[in-house]
Structure formats: C-alpha cells, structure tokens
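The same chain A turns up in both complexes below, where it pairs with chain B and then with chain C.
Up next is the complex of A and B:
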C-alpha cells in the first residue's frame, strides 16, 4: 500500500520559490514541513544558470545561479524541513492530498497547507506553429542551456535563436563563448523581450545581430536542421517582403515561458487567463483555502530576487493562521498591462504588485483605478515588456469601498529604443 | 547459408502485418527495413482511424482488403495486446446535397446495423460542440482509432516474438535469382537469401520494383497536414468527426486518440516525393476545415504539427500483384488510405497469393500472444506501488508530461525490435510526445540512454544517420579559433 504521511505544509518544487516558502514556513513555526523536488538536487532552474546576475537586489552582490541557490540550501540544512529529492508529485487533490512517487514507492501526503512552487515551462515549436520539416537540432533555449552547462555537450555548430527572451540572449553569448557561430537572434516583435542588460552583455558585446520584426518562417533539413527561412513581419506578425535563408544546424527557441499549471488544474484551483497561473493574493494564497503558489508558477518573474521575496511571504500567513477571508480588492489588467500579480488584495498593507507592460512606453504612469477614479499612481521614465514594474503595496492608501481595481499603464509609445 | 521462406521488404504497418500473419505458420521469415526502426514511413504519420464497414469503397481492391480486415480486428487486438479507442464516428452534412451522400451510404448493405441518419438535434446531443448549422449527421458506432505506432510496433513485436527476424538499417537495392531462391542485396553490402520476396516499401515500392527489374505505374504523392492538441483537450469531442468525403479524400476531420490527444487534419495537396514538411498555408487550410465542423476547437492548445504523405497510383487503388519477371516476387504499391485499416486483410490476402505459388502455410500450435508492457501513466496507485517495489526504476519519472518512468525507457531499449533513436523511444513510450515536446526529457534522457542503452550521448540520433542530437565539445571549434 502507498505510504500515508500527515504534514502541516507540503511544498511542491525545490527551486528558489519552493526553498523560500519552506524556509519561511519553518521560521514562522510550522513543523512537519516537506519539500518535494523531482530532480536529484534542490535549486530548480538556478542550477543551469551559471552566469552571474542573481541576487543584486536581495544581497547587493552578483551571484551565479548555483551560488544563489546554495545560500538557501544551506539555510534549509539548519532546519528540520524534510527534503525529498528525486520525488515527483503526480497529483494534488482538492482535499489537499498530495500524491508523489520516488524510488521508495508511492507517497500520499495529507497536508494542512499545500504550496505550489513548480516553476514554468518553455513554449515550444508546436505552440508557435512554426512550419517546415521536423529534423534534429531544434531545442528550447533552456533545454540547450542544460545540455551545455550541466551535461557538457553542444547543440551544434551554427545556430539561429528565435525569440529575444532572456534565456535566448544568455544562450547566444554562452554558445558564442563555446565556439558555436550564432548567426542571429530573430524577434517577431518590434521590441526586445528580455532585459536590456542582457541585450548589451550578450548580443552587443559579441556583435550578434538582433533582427527585430522578423521571424523564422520555415525550418529546412531532413535529418538535421540545414537552415531556416527568415523574413520580416508586420505588426500582426504576418510575413511581408523579402525572405532569406540563414544556413544553420541548430535552432534555439526562446519564445516565452508559461506557468506549469497542470497540477493546479487537476486540483481545480482557479487560474488567471492573462498570467496562466493561479489567482493569488498579496501573500500568494490561492482562491481555495489551504493552497498557496509562488515563483514562476504564478506568473513569469524576470528576477529571481522577486521570486524569493514573494515566496518568503507565505510563512507568515501560514503562521498567523487567520483563516481565509474574502479579498477586498480584485485587480484586473487593463490598457497597457499584459499581466499582473497578485490579482487579489486582502489587507493591502505590505507586499508588492508586479505588472508586466504590454508595450514599450516613455514617461509611463501606472494607475490604480477604482470606480473610475485613480487612487494611486507611480511614474517612471521608461517601461518595456521585458521588465516588470514593481509597486510597493505599503505605499498605497486603498479606497474605503471594496471592489474591482483596474490597473492601467499609459505613456508615450516608443519602439525605437528596443 | 540460411534461406528464408519469405523476405518482407519494408517495416511499415503492411510489412509488419504480413510478418505477424505469416508467423502464425511454421516458416522462416525475414523483415528488412532501411531505416533504423520499424514504423518510420507512411505508417508513422496518419490519422490512425480503423474505418468501419460504412466507409468502404465498393468495386476496388482497397475496399475488398478493407472488408477482409474487419473480421480480423478482435482476434488481432487480443493476440497483440492492443486496445483501440472504440469511439464511433459522426459524418456531418452541411447541406441537402451533402445529406444525400449520407442517405446513399447508409443504404449500402455493408453498413453497421446500428448506424443511423440523425437530425441536427440528435447530432448535437451526441457531440454538443459540433457546428449548430449542421443539416444532418450519420452516426456509426463501429469506427475505432488506434495509435498507428502502437499498432505497427505491436505487429513487429508480435512477429519477432514468434521468430520473425527483423533487420533494420537494411535498404534492399537489388535482387538476383538463382532459380531456386533469391539473393537479396542491401546497400550496405550485405545479402540475404529467400524463396519469396514481398515488396511493401510504401512510398518507395515502385522505385524498388524498378530496381528489381519491374515497371509499375508511377506513384503520385499527396500530403496531409495535422495539428496535435494537448491531452487536456480530452473529451472536447468523443467520436471521430468526418465531413462528407470528396472524390480525393475523406476530408479534414477531428479524431480523438487513445492517448487522449485530438488530431486535426489532414488536408490533401500534391507534393514532390516524400516531402513531409508542414506549411503555413496547409495548416491554415486544416484550421478552416476543422472550424467548419467544430467552431470552438481549442487551437491554442496545439502541441505539435506534422504531415504524412499518401503514395497513390493513378487509379487511386491498391496494387497487389506478382512480378511479371520473377514469379516469387510480390509487389504491393499504392497502399494509401485505408492501408492501416486494411493491413490484416492485406496480410491474409498476401498469404493466400503466396500459398498459391507454393508457400506451405501450416499453422503452428505454439504461436505466442504479445503481452504489452505497462504504461505507468495508466496504473492505479496500488499497481504503481507494487511495480516500484519490484523495480525502483518505476519510481523515477523521466518524462513529466506523459509520466514515463526509467523502467519503461529501459524496457523499450531492450524490446525486440529495440528502440535505438529518440523517435523510436517516442513511438514506443511517448517520451518527447507530450506538451513540452522533449524540453524536459530531452535534458535527462541522453545520459540515461548512454548508461542504460549503451548509446553514447554524442552518437545519439533523433531518427537515423545524420540526425545527431548533440556534439561533443571537441567537435566544435573553440571561441579563440572562431574569432
């Protein structure tokens, strides 16, 4: 028979979000805390991110991914949080039973609180419907990153990267340093998708061309990629004008990340259409009592520091055990906003609101609007889809009356500056 | 020198069905496949529908093979350990003219007893997501869907289990006849000897016949493109939805698969040779065709696209005939749709033809049924616990989307015929076939295949020679050399 375990908190996923959630639960007094991770090591995506750039905000120094992860792994070792690695969660019931398997057998945890910290997945070729042949040599950028950084292999000799997300930019530099010729980074939008600093450090410094408003129209090659057809597109993404052939043996896709929401769907937790993750409040509690979610499963963060800061909020909420009150405000993304989280505000006294801009704006103004009236705003010189806007909720004085709050980003449109 | 009774050329569903059928008799059988694995040709890219008797084409060899095959289904499923999806089918008519087609086809004597013409209301009661502008529908309960890989590989395994030798990586290029037997020459310089040769080379059947000295009418190629939707869409529709067919094809349809995905397609377009690329236009045509049947089809849940190519003779019928020059060589050409459905009928017919030319068909009494390997995904918690206790590798998930375990990978590597490529694994155990399309298992599998399957990471191939997966660092120039 599967073994049955009573748990106060079960955290699913041992990346930065899961580690922070487990730590904070422990620190706020929870016992019988389990952290379940399907890989042999804690750390999540950080383990393959051997470049620096992590921890600037939280620690004031530039760490590599594994160094950043190590700080939390060490902190966990000082607790009695039970870490089960090589353990995959297959199912979570609405009654908070968690089914996991590992080499010892099947486990059924009966948990008071379940925290989803399962990260995100990369969008694939099928999802963008990229036509052509189906040869070897097409990788998502994160998969290639793992093969290069952890396994020590190279995906090919000549690469084209589709999509200017951060992983793609980082891989452009990584492959170049390994001797692979990166022909171009091709981006369908008129603007860069990733962080500006990654554009400078990964493409400009290595003179890798960035083709904006372009896309890969077709993959060529029978057994292995032999080239891709690249062409210009209009605002709607439809091909216009000249096409050209870029010979290459490798195509990396960095075309977006989506929250790994499968387990949440199975346990019938309401999902937000714009983020792809669950609806959460400022403490990252889901709409269903006893469930929390943090990190990239909520929505894709661009900095790991934000992932940690948000996941650390969970422990206090579990510890205070104040019950599940309905939210006072429901935030909805409007003009200029691609997605935002949290979407629910319960107290509004502290925590942060993360907003992903839809397009590049100069002299931007983020407004919170209630009953047609702006009650809070934040202005900044520039915003881009590649960088989230973060708003300190402690600064906001919320209206008396509860209800819907519309979140709007306005400014002067600009596309020239990437 | 070993002389086989029968050499079968081509490890598609037809070749494998013939091998499995003949394996019921005491015969020495050889199957030669030019690719690294069976099921790499037309049989790997189609809809997988086992068309029921309502959809047969009277007056053709196709139709005759189709009908013959039907009576084999239940026996074959039992002996092969297969469970098809018994979902039934609805043919949807959108005008009075189209409805007339339904009336004609239901009047045929061959239709299923329970098949019936339905009003729009009745259609919508069965499939509420069908376009409400429907004029009439025709429900056929006998239509089934199989995974074409599962079927072809089960046939190959069932054949191998009963002594058929399956040799992959063997492209037959020439034939010499010494009167008593044939000498079959492969492109790698090896040769085999057999009394009979059956050419089931699919899209290359006519070319092979030419190489062997026979001229057959040439094949034309018609491509069909598809979308595969996420397993999350399971239940969106429950039966196969056909439009009213045209002269050329059965049309763009919606089919649930036994694995829980939805298949949308195929269109029908002439193409050069075996070009299985997808195109923007072709996929748009499929999109429009499907939306006509089910307007709300969740096209945002596409996980991959693919296409298959129908090798067709000018008559648009199967050709199964002995070589005019060599009486012990049998050619099969133009095996397009419904070749998968008809494979058992074809096998039985081929057996009869060979018997007439002297092949002794003595049924053996030690024929073994194939016991399918378990899929972890389909096991109950108790079964999972038991499996892991027997072998802890069942507790190591290597594919997150389809929940495939290390134990299943090891089995596929040791199966007969074994998986040697990533595609071979995909067709057997569904790694690389889920919603992440290998971005997770593609990271971890190479090392597992090296340690468990003796396939070095740098020698790992997706589909065969030339399709290398990754390179070693020393195979790529260094940064300093490039600059």
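Up next is the complex of A and C:
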C-alpha cells in the first residue's frame, strides 16, 4: 500500500532552486513542507561544480558550488522542512498529487502547492546530429565533470571539447589540471558562448586553442574514439574549406542545456516554446493554479544567484494565498531576444525580468513596448548571448491598459571574436 | 596574453576580466616601469598584477578515506602563483585525507612555502559500520 501524505507544499528537486523554494515557503509560514531529492545528498549540480564563481551577487564573495550548496543545506536544517533524499518523483497529477518512490516504498502526496525545481538537462549527441561512428569516449561535459569531481575517474587521456559554453571551458581547465591533454575547444558560432573570464582563466592560461566557426564533422573510431575531423563552417553552420584530423580518445559535448519538462508535460502545464520551460509570472507561478516552477526548469539561468533569487519569490505568494487572478500583461520575445522569463506579469510591483540576447550588441537598448509605444527602457554598453540582461520590475511603470507587451533588444551589431 | 620582445621594452595585451565589458589593456614593460593603455583604474590594476605576478584560486579534489563519497573538493585559501599550479597538483595527488571533514577546515598549511593554505569546500561525514558509501551527488 502506498503511503498517503497530506502536504501544504511539495518541492520537487533539492538543488539550489528547490532548497531556496522550500526555505522561502517555510519562512512565509507554510508547514508540512516536503523537499524531494532523487540523489543521496541535497545540492544538485552544485556538488560537482567545485570551481569558484558562485554567490558573488548574493553573498559578495566567490564561493565554490559545494560551499554555496551547504549554506542552504544548513539553513534547511534549522527548519522543520521534511527532506526526503534518494526519492524519485514518478508522476505529478493536475489535481496536485505527487507519486514518489524510495527505499520505504511508494508515497502519494496530496499537496496544496507543488513546486517544480527539477533543473535542466544537457543536450546530447543525438540532439546535435553528430556524424560518424558511435564508439565509447563521447561524454556530455557535465557527465565528465561528475566522473572527475565526484567519482574520481578521468574520462580519457586526450580530449577535444565541442562547444564553448561555460561547462566546456571549465572542463578544459579541469582535465588539463588532472593531466589530460586538451587538444582544442571547437565552437560552431563565430563568438565564444561562455563568459570571458572563463576563456581567460580556462583556455588562455593553459594555451588551449579555441577554434571559432568550426565544428566536429566526423567522429572516428570503432570501439573507442580515435579522433575527430574538424572543419570551418559558414554562418549557417555548413562546412567550408579545409578539414583536419584531431587525434583524441575523448570528445566532450558542451552544446547547451534544456529545461527538464517531462514531469510538467504529464501534469498538463502550458510550456513556453522559446524557453522550453513552463510559462510563469513574476512570482514563478505557472498558468495552472497551485503549481510553481523555479530555477533552470523555467529557462536556463547563467548565474546560480539568479536561480536562488527566482525561488525565494515563491514563499510570499504561497503565504499570501491571494488566489489565482489572470495575468495583466503577457510578455513576448521580439527582435534581438532569444528568450525571456517570466512571460506573465500579475502585480508588476517587484521581481525581475531575465532576457537572453540573440546576438552580441554594443550600445544596447532593451525596450518594453505596448500598443506600439515604448513605456520602459534600459540601456547598457554591451550585451552578449552568454550573459542575460536582468531588468528590475520595480522600476517599471506599467500602462493602464492590460495586454501584450513586446520585448525588444536593439543596438549596434557586435561581432568581436569574444 | 601575447608578447612581442624588443630590446628595451616588451609589449603585451591583457584581456580584462574585472567586469563584463572585456576591455583589452595594452601593457608596455620597460626596464623598471609599466605603461598601461586602455581600461579603467580597476582594470589597470588587474593588468599590472597579471603582468607582474599572475595568481589564481586553484580548486580541485583530493582523496578522502572513510567518507560518504570518495573525493573531497578543496580550494586554495588565496590566489596561488600561476606558474606553480602544476607543481601544486602533483603535491595534491599524493595527499590523503581521513573523514570526517568540515567545510572551511584547513587541510594543509603553507602550500609549497607560498603562505597559501589548502581548505576543504565540503563537509563529509565519516561512514559508520555497515553504512554503504555512495557517490551520488
């Protein structure tokens, strides 16, 4: 017989988003708060991110991932939030029942509020249609990071990294320190995807070549990777010009992250096509009453500080229990915007809007437009796809009339190498 | 950083990482003087440091015995001289730590005589008898 539990709040996922959501719910007065985590420890991906750079915005110091996680683990220990580790959620119903399983058996939570804090997943070989054979030695960068930093295994001796996102850059340095020879980081775009400081401290410091406008055209090897063929590509990603062979036994893929939306699909929560996650308002409430989502399941943030910030907004909304009014404004991404969240504005009094630029711009201007008229703008000297633009919603005076708001980013096109 | 050697002075360029603007700061090294071009005052201070004695906070893992997980993440207590990082890695490969360990605990003082210490960045419990270690993060 499954155990049946009445819960005020069930938070799914014990990474930075889930921990902050549970804490925030507790601090705003919710009781019978459950935090469900499928791994044996809380902390999520932070546990394998042993490099510094976390918490600069929230704590004013550069923490490593495990240090950042422990601050929230310790805060949770001071509450009576019920943490269930080694517990996997199988199903979430539209009536807010949550089915989970662990060593003690099957649990059915009947929750007043369900919070999805299930994070994102790495894009895989299949999703980028990587040509060539299918030997051992191809890993996503995050998987390699887990093997090296948690399990203590090296994935190989000589590596090529495809994609210049931050995890790929961080892993280039990590493998180099552990004695792996990193032949190159290969990036299909003409610009770096990750942060400039990671380019300097992970690649330049160790003289690892960055091949921009290049991609892997073929994987070679039968049992194990023996090399990859790389070549130059045009703006559309089509091969042009010379190819060359890079001998290696390992290929790491750092080719993007996508929100983990499987559980959400089952509970029929509407998803946003541009972010891949659920539509949310400024308190991270979904379109269906009683459901919230925070952190990277909403859309991929570039700083954990913003993930925490998003999750901490949930408690007040649950505590106020003000009901589910329709949103006043619907934000849609337009010119220059790859994606944005939240996509709905209910109160418009506080919170933040996160905007991912489509391309690099100098003298950039972010505009909020309603009925063809710009009612709010923000200017900044430079924006890049690798760094989100964050707009403080408390600064915005919203129009009287409700409706659609178009979000536009304009500026001088900036195609510097980095 | 790229360098072009001259008889009397050396020119190089530093990518500034102090803020997201990513300025490139020119550095001319004369016999006893540095001339900096471009960037803001903070950036110039960074460039000066990068040219004279570049340092980095080093993070890695070391072996831990008797703990819930097999690797203990660690960091240097302060930026460590860049040119000695591989020497440090070699030293840490031989290191074994016994659980339990608390986050912030100093594991090794004065690493290789630099005055910088090695600090644990995660709390790891000691496993009791009959408990099973799991690597799951």
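Everything that follows uses one rule, which is that the second predicted complex is superposed on the first by the 417 of 418 C-alpha atoms of A that agree within 3 Å, B and C clash if a C-alpha of one lies under 4 Å from a C-alpha of the other, contacts with A are read in each partner's own complex, and residues count from 1 in each chain.
Throughout what follows, a contact is a pair of C-beta atoms (placed from the backbone, for glycine too) under 8 Å apart; a residue touches a chain by one contact, two chains touch by 3 or more.
Here the structure is a predicted model, which is why all the values come from computation and not from measurement.
Visitor: Taking the superposition on A as described, I'd like to know which of chain B and chain C A:62 touches: first, second, both or neither.
Guide: A:62 sits against chain C, while chain B stays out of touch.
Visitor: Please indicate which partner A:382 is in contact with in the superposed arrangement: first for chain B, second for chain C, both, or neither.
Guide: second
Visitor: With the two structures laid over each other on chain A, which partner does A:354 touch: chain B (first), chain C (second), both, or neither?
Guide: It touches nothing on chain B or chain C.
Visitor: Going by the contact rule set out at the top, does A:146 touch chain B (first), chain C (second), both, or neither?
Guide: After superposing on A, A:146 lies in contact with both chain B and chain C.
Visitor: Just chain B (first), just chain C (second), both, or neither: which does A:34 touch?
Guide: neither
Visitor: Quick one: is A:54 in contact with chain B, with chain C, with both, or with neither? Answer first, second, both or neither.
Guide: The answer is neither, since A:54 touches no partner chain.
Visitor: Considering only touches as defined above, state whether A:279 meets chain B (first), chain C (second), both or neither.
Guide: Neither chain B nor chain C is touched by A:279.
Visitor: Using the superposition on chain A described above, determine whether A:265 touches chain B (first), chain C (second), both, or neither.
Guide: first
Visitor: Name the chain, either chain B or chain C, that contacts more residues of chain A.
Guide: In the superposed model, B touches more residues of chain A.
Visitor: Name the contact category of A:157: first (chain B only), second (chain C only), both, or neither.
Guide: first
Visitor: Touching chain B in one complex and chain C in the other: list those residues of chain A.
Guide: The overlap between the chain B and chain C interfaces on chain A comprises residues 146, 150-152, 177-179.
Visitor: Would you mind writing out the residues of chain C in touch with chain A in their complex?
Guide: 1, 15, 17, 20-22, 56-61, 63, 68-71, 73, 75, 82, 85-86, 89, 103, 121-123, 134-137
Visitor: What residues on chain A touch chain C, complex-wise?
Guide: It is residues 39-41, 43-45, 47-48, 50-52, 62, 64, 66-67, 70, 146, 148-152, 174, 177-179, 195-197, 199-201, 204-205, 381-382, 384, 387, 418 of chain A that touch chain C.
Visitor: Where on chain A is chain B touching in the complex?
Guide: Those residues of chain A that touch chain B are 1-2, 38, 86, 88, 90, 99, 101-106, 108, 121-122, 124-127, 129, 131-136, 139-140, 142-143, 146-147, 150-157, 176-181, 217-219, 222-224, 262, 265.
Visitor: Quick one: which bits of chain B touch chain A in the complex? Just the residue numbers, please.
Guide: Against chain A, the touching part of chain B is residues 228, 232, 276-280, 282-283, 302-306, 381-382, 384-385, 388-389, 392-393, 395-397, 400, 403, 422, 435-440, 442-443, 446-447, 457-458, 461-473, 475-479, 481-482.
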